[in-house]
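We call the chains A, B, C and D, going by the order they appear; numbering starts again at 1 in every chain.
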Amino acid sequence: MELRIGVIGCGAIGQDHALRIHRKLSGARIVALNDINLAATHAFNDTSRLDAKVYENYQDLINASDVDALLLASWGPAHADQLLACIAAGKPVFCEKPMTTSAESGLRVVEAEVQAGKKLVQVGFMRRFDAGYRALKKTLNAGTIGDALMVHCAHRNPSVPEMYVGDMCITDTFVHEIDVLRWLLDDDYVSAQVVEGRKSRNAHAGLHDPVMVLLETSKGIRIDTEIFVSCRFGYDIQCQVVGEIGAAFLPEPASVALRLEGRASTAIQTDWKQRFIDAYDVELQEWIDATQRGQVNGPTAWDGYFASATAEACVEARHSKAIVPIRLAERPAFYSK
Amino acid sequence: MELRIGVIGCGAIGQDHALRIHRKLSGARIVALNDINLAATHAFNDTSRLDAKVYENYQDLINASDVDALLLASWGPAHADQLLACIAAGKPVFCEKPMTTSAESGLRVVEAEVQAGKKLVQVGFMRRFDAGYRALKKTLNAGTIGDALMVHCAHRNPSVPEMYVGDMCITDTFVHEIDVLRWLLDDDYVSAQVVEGRKSRNAHAGLHDPVMVLLETSKGIRIDTEIFVSCRFGYDIQCQVVGEIGAAFLPEPASVALRLEGRASTAIQTDWKQRFIDAYDVELQEWIDATQRGQVNGPTAWDGYFASATAEACVEARHSKAIVPIRLAERPAFYSK
Amino acid sequence: MELRIGVIGCGAIGQDHALRIHRKLSGARIVALNDINLAATHAFNDTSRLDAKVYENYQDLINASDVDALLLASWGPAHADQLLACIAAGKPVFCEKPMTTSAESGLRVVEAEVQAGKKLVQVGFMRRFDAGYRALKKTLNAGTIGDALMVHCAHRNPSVPEMYVGDMCITDTFVHEIDVLRWLLDDDYVSAQVVEGRKSRNAHAGLHDPVMVLLETSKGIRIDTEIFVSCRFGYDIQCQVVGEIGAAFLPEPASVALRLEGRASTAIQTDWKQRFIDAYDVELQEWIDATQRGQVNGPTAWDGYFASATAEACVEARHSKAIVPIRLAERPAFYSK
Amino acid sequence: MELRIGVIGCGAIGQDHALRIHRKLSGARIVALNDINLAATHAFNDTSRLDAKVYENYQDLINASDVDALLLASWGPAHADQLLACIAAGKPVFCEKPMTTSAESGLRVVEAEVQAGKKLVQVGFMRRFDAGYRALKKTLNAGTIGDALMVHCAHRNPSVPEMYVGDMCITDTFVHEIDVLRWLLDDDYVSAQVVEGRKSRNAHAGLHDPVMVLLETSKGIRIDTEIFVSCRFGYDIQCQVVGEIGAAFLPEPASVALRLEGRASTAIQTDWKQRFIDAYDVELQEWIDATQRGQVNGPTAWDGYFASATAEACVEARHSKAIVPIRLAERPAFYSK
């Protein structure tokens, strides 16, 4: 049976996901759409030939009897209420990151899910589905480099728009490392520190760029991440895990090597949309497949809450310049594997 | 409307393709199966839940009214007759390589297709659909390295079974380079030479390994390819195009880099099935899509014939140790773009 | 005229330097030797055919009329008095690192030199003479990557002896980065922090390994250095400078690349003595040449003092786990370029 | 005792060698100079402060009682007579490549040396002294990749002057591979073939560029070398040896890696003089040291003759487009190790 999906939030990412399911993935179809911009949603439904039903409010969509599962791509502040409605309806939901805009509201989603007695929420951290990160995790799990001791990362963008300011280096950018490294290392964070580097003259007015975030895990692993969003040279995601007997690196994307003008070179991607484009496909296909089996095997509501709480500690650390402990609610046994 | 596909030849590769279409690709479904081993075909149909109809002979399958298109994965010697039957039925057919086992029979397929007045045959040279070769072709077409002048290739396998002997280094192995380089360079071959290297002690009794094949194209481009099928260290496909102002290399597959035991390393694949696994998906999905539009945009019958004729010249060159001209029938205008 | 050199301290490094000057470099010869172990010094003089005069005390050697310049390779605690004697004698002296074992005694050397009114002391930080670091500095100075903003380093040894404990990760190991990065960036340090990573099970009892040191420069550049002296896989020196428009990396030593057993690899050196062996030659040859011209153009007494003061701050930071400001005496104008 | 050297031929390379010995190497000094341009030779002697004696004819220089050994950097056609004079005088001689301009005259040098009963001649093939080729040879000798089966090389220059025409791709360029590969593989050549690639539009009028040379060795090893002297992108020397279980590559020169403008890159040298500059130092220092011991341990007169005979076969092959056997005089036992 095909999974019948309703999409809430039909902006750029919502449309991408809807078309991905419609044209490329198997086992599901889009049957319902909702967005605050109704006219645009009708237009999208028509031009894409989804032949879905357009709902004026998300509650009706969530409760529609022919909708089996939800895909949330609305803006962040709307997520908490929408997730609670999905949970109340007992329906599986894929929610784009961030799950919620605060740790506090994230914890309410966690509590509702625990109350409901069934995992329903998956959060859209796509890097867990990237072939490179998976290969790196496989290498770690195989013991090839021994136990992980340190992790050196970089998250670099060529540039960011003027609206990208203040703490967005944490909440929009570093949040991806927060989730994927916790999964990669199978470990939790205990403290955060943020160090501001020498500011680039290319960083726009409202932004201190680059910065470095230092995380410590419960096992004592030290993670440092350079966040540099006006680096100019590429969208460059680096992750080096140093273990007891060796070091392992996130694969560089394959590219045509050149010998040209006195340099031997390979490509660094410049468009972040291309870097993890395959991961989005895998993420949604696996979500469809797991949902069909009544499971959640991607990032859970707890993972979404953990990411929010860690991001909040990093933001505090950026402002205070102190080492900030990361304190969380107790982890419900419900989320144990 | 979904394309209804009949599969002729349900051995390993036929089953792989059938399952690929059934489980992973979109726009088509398997409705009919045929193989000389009827019992195994019924078993496959059951265990894979294809719910297809199993035919006792391929002619009935080809002519079945609910079969829109054919997929040939039978053994090579059967291809020519089966292709002619498909053409006679006016039905599109995807034929695994080699299209035919001789240039002469390949030419009969070409002539039948020209007679029928419509391109129906696509040959299963999957490398044209590999992201790496496509990126390399894009680089060449962009003029990044100027016009191509020389091409250095290697086709290496860790080992081959005892049944792999004699000319199979050409007909089974080099045939992939024959097709993909002609497509890559948008050029035809005019002569072939084969040079036998010092024989490896790891090459089994019936095999001279390694060998080098030299091809010349109509534009004067020189191609050298090392074929080394007992190289032990990996399934290693190399392609370096040297142009007027630079050189471009087929991308190395992405892999976790390691620093371990005094070496910094990346992986070389060892299983040929993994090396082009994504290309098979792309190849069949694009075939389905093009077939839906009434087109063939992969390797044509002419390409299949050209590959056979080139392989025959290479085999002659291997035995004669002479430089052998590659002579073909005149190219029908039908195959011009 | 050949520079006539007296060597004080004829252990391993002193003998290496003496033989280097005797057999490989040009423009100087060894005329005098001194060491607390007189018998071994006589033996070395004989077997190496240096034909030098062996002195029972270093004062006589320093003041000998046929000794033009001194090379100090005695143990660290002896350096301060010996340097003061050289300065008093008005003779140029090459002093192995560390210049002195405390910032306080380093400052006394600085003050004596300023008093003497002439630069006489060069400190043996050989990395400034390494072709790789020089190429990196040239790249930075050319503006290729814009202004430096962050620097990511690693200093890894396969293992260290049992006697290597406590703060030696700073005083013996990191001290090389302290000097060379200051030179590379043409900048001074203002604060230090030390973060202890998860301890490797391969680290011996008296050692917390790995650690990370964070330095901030007066321009705001952030430097992080992983120090991991039981890393097992190699003697691995990494230095990545991130600038406003690009990143530049210390060259990896050239090595034979291999394709073997499923891996494509290059070598990581395992013996630290080999890593900078060419730099020692350049260091001493340039010292000889500059001394002949009456100049010092390597690391000065001020640089030696700065390294000691920075190392002391790092040691304090390691123990206190706080961010420690680096405070120095005012730089005498004497050391301005 | 210092080796007293007379230099015959004081053009660019002769001056380079003289200054190298004078300023950088140890154990020898330049005592005599000769060149057809006497005025320039006197000027060179003065400006370089060699304080050597300038001879009007090379015979007198060779026979001067205070000249222990000769360095020939005259033009090629003069070498044969000068070498015979050195041999007649019983003096060791370092002769720049080519040893002679024909195999026939090379054989006369060989015969004279055999007659004299003592090896005196070393030919200036500097690649045997390059750290990279030596590391590659060490890898082969260690058995790391098993026995060598094939060798793939490239010899690329960004451009060549207008005077570089015709067979110079063999006699000036490929001659380096001829010598170094024979040494690397410890094997002799038995046949040669030359294949002309598609001509680059950047190749000047008198030159077919690129070409590929194919050599076969007595052990059956196949060597292919792309010679491309208007490749524009760099002075790029490649050598890949394919063995029974792996492949080994000539090290790429170390360089600063960059991440810049969407590319990760390392440098390709563009100036051939820089590529082997260290090898020249090692070559002459080892020649001085061996000469002091009364030995020749670099390329011998036999090696010089072999290179000439091979080059002549390659030239014939380039013109005839046939596979040309390489025939030599019988190797005198005198040259056995």
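One rule holds in what follows: contacts are C-beta pairs under 8 Å (C-beta built on N, C-alpha and C of every residue); 3 or more make two chains touch, one makes a residue touch a chain.
Nothing here was measured: the structure is a model prediction, and the numbers come from that model.
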item	value
Pair joined by the larger number of C-beta contacts - B-C, A-C	A-C
Chain at maximum distance from chain B, centres defined as averaged CA atoms	C
Distance between the centres, which are taken as Cα means, of chain C and chain B, whole angstrom	59
Centroid distance [mean C-alpha coordinates] between chain D and chain C, Å	39
Rounded Å distance between chain A and chain C, as computed from the means of their C-alpha atoms	45
Where chain C touches two or more other chains at once, by residue number	232-233, 245-247, 252, 258-261
Interfacial residue positions of chain B with respect to chain A in the complex	23-26, 131-132, 135-136, 139, 144-145, 245-261
In the complex, chain D residues that touch chain A	232-234, 236, 252, 258-270
Chain B to chain D touching residues, read off their complex	146-150, 152, 195-202, 210, 212, 214, 216-217, 219-222, 224, 226, 228, 231-233, 242, 244-247
